[in-house]
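The following pair of complexes shares a single chain, chain A, combined with chain B in the former and chain C in the latter.
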Partner chain A sequence: MSDTSTQNPDAVADVLSAREAYNAGLARSGARGRSWTVAAIVLILLIALPALQFVGNYNYALHMALYTLMYVAMASSWNILGGYTGYVSLGHNVFFCIGGYVSGMILAKMGVSTLITAPLAGLVAAAVGVGVGTITLRMRGPTFIISSIALLMIVRILFDNWGYVGGANGVTLPVTDLDVRWAKIPYYYAMLVIALLAVVASYRIKHSKFGLGLRAISQDEVKAESAGIDTATYKVAAFAVSAFFVGMTGAIWGEYLTYLRPNIFLIILVAAYMVLMCIIGGKGTVTGPIVGAILIVAFNEFFAATLGASEINILATGLIMVLVLLYFPLGVVGTLAQKGRLPRFLDWD
Partner chain B sequence: MGHTLQILILGLCLGGVYALMACGLSLVFGVMRIVNLAHPSLIIAGAFISYWCFTLFGIDPILSLPISAAILFVIGLILYKLVFEKEARSAKYSEMTVLLTFAVAMVVDGALGAMFSNTQRVTSPDYATDAFFFGTIFLPKGQLYAGLISIAIIIGLVAFLRYTRLGYAIRATSQNRAAAELLGVNVNFVSLISFGIGVGLAGAAGSLVSFVFSFFPAKHWEWIAILMSLVVLGGMGSVQGTVIGAFLLAVISAFVGAYAGATWSTMTFFVALFVILLVRPQGLFGEKPEHV
Partner chain C sequence: MLRVEGLCKHFGGIRAVDQCSFEIAKGSISALIGPNGAGKTTAFNCISRTMEPTAGKVWLDGKRIDHLKPHKVTRLGLSRTFQITRSLEDLTVLENLCVQATSHGFARLVGPSISEEERAKAEEILDFLGISRLAYEQARNLSYGQRKLMDFAALLMSDPKIILLDEPAGGVNPRLLDDIVEHIRALHARGLTVLIVEHNMELVMSLCEHIVVMAQGRVIADGPPDAIKANPEVLEAYLGASTAAEETSDAEAAHV
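Let's turn to the complex of A and B:
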């Protein structure tokens, strides 16, 4: 016994602290249940938010809420692949783009609103996800990350040069004929529903056998496979689920902006935000991406209001990402959970 | 026939430049298993140094090459000390560093964009737009000089790796980190120096890039996939393999560009990257790695 501790004290300490944290976590979740009240209150407030339009013009607040909900949905679904499964994709906005273009082109050619076709856009994105995932998920670690960037570059060139969808200039979509006061509301509710679905899906996956398999893959894929997990299918399924929700948000976002253009969807910043939100909130936790999305959107808005230029924004995003990765790798939720100080309403893991 | 030869020559000139751009990336990966996504953004930083030397003081980009290489070398040392030394102990090192270098790339991109704005620039010494003519075939001077200088620098690098004590240490660390450490190599120092050299090579490449291509701060996202394809094709971490990969892909993309249009010539690299990662992830000359 004493031999092992002298040989490698760090490893032993790691194991001990991990076991302690695990036991503490078990004790905690045993002692208290889920905080349904806070979740319900937040949801009711979000549903009631558009009522502000009766008393004045709160379009800005609605826009910010919609924008945050979009990123909650995207970060939560990125988390299914990047957080639970451990496959970091830096090209996930490819599915955002595919979703946006599928629904957007249907709207432009046939006049069917994206509010109706969003699930279809999600399915197409998921199908593409299955195709791409079958190929790229055979790679692991850094190689997978590089392949995801290559995918982003390929799709960017394709969309920039595809005449049917307007190439780099994109397509203009018909503007809604609702009064300006109510114009945002359908999209707001659509985003709310998608965000809710994505978060619920993320929660359900985490607490299922499927999620357990995904987390086993992120720990050690070879051992997971030898324990009888069909890793190939699990990974592709996670990729598809993740692409599905990202595709749906893309569909709504396209019509909301009233135009489609490759440089809305396929810029590296969108992909970086998804990653950053998950890491800053807590990668692999259910509530982490939500916290991260709120923090990053608020921070961005603050920066845009005070400093303006988007270059400064890229600089600041990069700087925060470096600092978080170096000094705060577990994120808000992860760090609080490790210290046993996680408030109950954030504890859904 | 003349047409084919012409394309081949242009491809080979560009291949030299690509090789220099990518070999720093390869060196850093070989020694530290860091996939340095910030490498192309640092090349652009080097290009800006040469650009301003030329615009403000009239210094030829070829002459300012040592300046930008030296500045970037120091930046490399600082980056390693600040960011990567700390991470070296973490278990998921190479995956973590991909995210870190990605973030560093954003910082460099944002800083350059904020200072100099995202407009297309190019350094234009006289030779950049001049050419030698041999009958129907022409040799653009700028690309020729850039290609030759790149090859000279790479030969210098290979000689350094092969014939100096530090070079031995770098190669030993690259082959087997633990064994090198056991034999008394100061692995941390070697990592520091080779990261510095890798980034310094980015600076040198930047000076050449400044008159071969037009550049702007956000352009590096396109280059990262191009450079990765060269490195992956040659076998990650092997400088010689990277050089061969660079010439091969540059020539192929020159032919694709000539027959199918410039858009698809860039696409060659991305598709090649995808295919290589799938079919032969260890590259043409690499050995089967422990974890892909």
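Let's turn to the complex of A and C:
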């Protein structure tokens, strides 16, 4: 409250004009346009990447790109629930598993490729998400986190002992007929499409009324509810959307690996990666999960290559994460945005 | 407009609200007063459904609302503020307001977070309250008084028929308080029904035409300010002994 009557008029005018400039700045940064150039270039490069196979064997590069895209999709979907809505799920790989098994079993029994059935796998994962979310999203904070871990354990026991899907030994899937040079390409493009859809969905949600409601829930659920937001439905919807994309990635990943086994989908590391990528990149930002996925996959790979597949490489990755969080407490994108130093091509919030 | 009958809220053995009944007339400014711990805020919470009442019925415009979820109550036209302001810290003031906007259809949900109409309406409300310069500021950067005003602004976004204000004067400087009173009067003049919980007796007595007094969870008096001032039970509840009415209001004003 500025009380102008009792003070020196010059000083007041200064303060007021400074205030106006500051507010104009805030309004401008709110209305700032998007930078499409870098996004378009990255997308074109990703589409063109498999062309490398014409000039040599770049299967390793393709694999790494595919793996990163998979985590971009998963972290971006996790972010819808964990970042925007503030519900940290440590059992999100359950949907990865469900997607993998739904499409994988269809492939094993009927021979239909997961490339076709992936959307179905996503829908099944989303349906399970609605069922699970209706129950577990009544809990808040740490209780919800524990319930998500419990879900993971229950599903792990279920799949380890379910004879129809091969129990702990899993199921072997038919191998593609494609030549080894081209074998990765369909899965690569599938992951690219899923990652793109997940990021676009995440962006659209962030800027929608629905997203505003989710962000309100993450800030103060009681207030959000008394503001007229149907919090229960919003949360379940966010959970379902989030599960949908994770389920689709699971479907593709299963066929890509040519086998299904509970211990590729249902280890807590997969869920932990989704969480860590969002935290390192910037929870609740659109580009944070992308940056986080690239950073974590890159560090993991770098240390696995230089330090060998020992425990030391995991330690090194952990150390890097601690360092990143020391200097970027809100994640790379989040902290840069707060300081006003975020490059425009990363600013999609 | 708002009718409460036999409202109870028990926390274990404590009867925070006990068989509380009152009625608020359409277009009135009413106050719910009482000493600390009388159950005023709990009654508020039960009416707005932020809390599940143990028993009792609540009608809004002749429609039972005591079984509804909080967001449904808000959409029916009953909006409230909180005693300790609750703002959505990471959101801008504009976003804080638009969270409370009225449109909820599916088509609206996938639309932009703030539509042009909402922006215009929010700016109009912020103008009315004299804080339009804060529109793009994050709520976390606001002072306590500004938060009170923002809460008040958000309330108006939902086009309420009745507003429940929990201590609008609590912790607010005297000048801002005058502003808030003026705003309440202006809204009342537009036909809004207002129910406030307040400790500032001067404010209550000058602003309100109907007062409900609670003590230990029960309604002990209900009537116009003059009758309340003269009611010996009310004085006893406040001061523990019979004292002149003027002293009551002075003591309360000093207390706040």
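Some notes on this structure:
Rule of thumb we're sticking to: the second predicted complex is superposed on the first by the 297 of 349 C-alpha atoms of A that agree within 3 Å, B and C clash if a C-alpha of one lies under 4 Å from a C-alpha of the other, contacts with A are read in each partner's own complex, and residues count from 1 in each chain.
In the analysis below, a residue touches a chain if its C-beta (ideal position, glycine included) is under 8 Å from a C-beta of that chain, and two chains touch if they have at least 3 such contacts.
The model shown is predicted, which means the values in this text are computed figures rather than measured ones.
Of the two partner chains, chain B is the only one touched by A:Ile268; chain C is not. When the two complexes are overlaid on their common chain A, residue A:Glu311 makes contact with chain B while staying clear of chain C.
Of the two partner chains placed by the overlay, neither chain B nor chain C lies in contact with A:His63. By the touch criterion given at the top, residues 1, 3, 19-20, 23, 26-27, 29-30, 204, 207-213, 215-216, 219-220, 222-232, 284 of chain A touch chain C in their complex. Chain B makes touch with chain A in their complex at residues 35, 37, 83, 86-87, 92, 94-96, 98-100, 102-111, 113-114, 117-118, 217, 221-222, 224-225, 228-229, 232, 263, 266-267, 270-271, 273-274, 277-278, 281, 291-292. Only residues 48, 50, 69-71, 74-75, 79-80, 82, 86-92, 95, 98-100, 102-104, 108-114, 133-137, 143, 145-146, 154, 158, 173, 175-176 of chain C touch chain A when the two sit together in their complex. Residues 88, 90, 135-136, 138-143, 145-147, 149-151, 153-154, 157, 160-161, 268, 272, 275, 279, 309, 311-319, 321-322, 325-326, 329 of chain A are the ones that touch chain B when the two sit in their complex.
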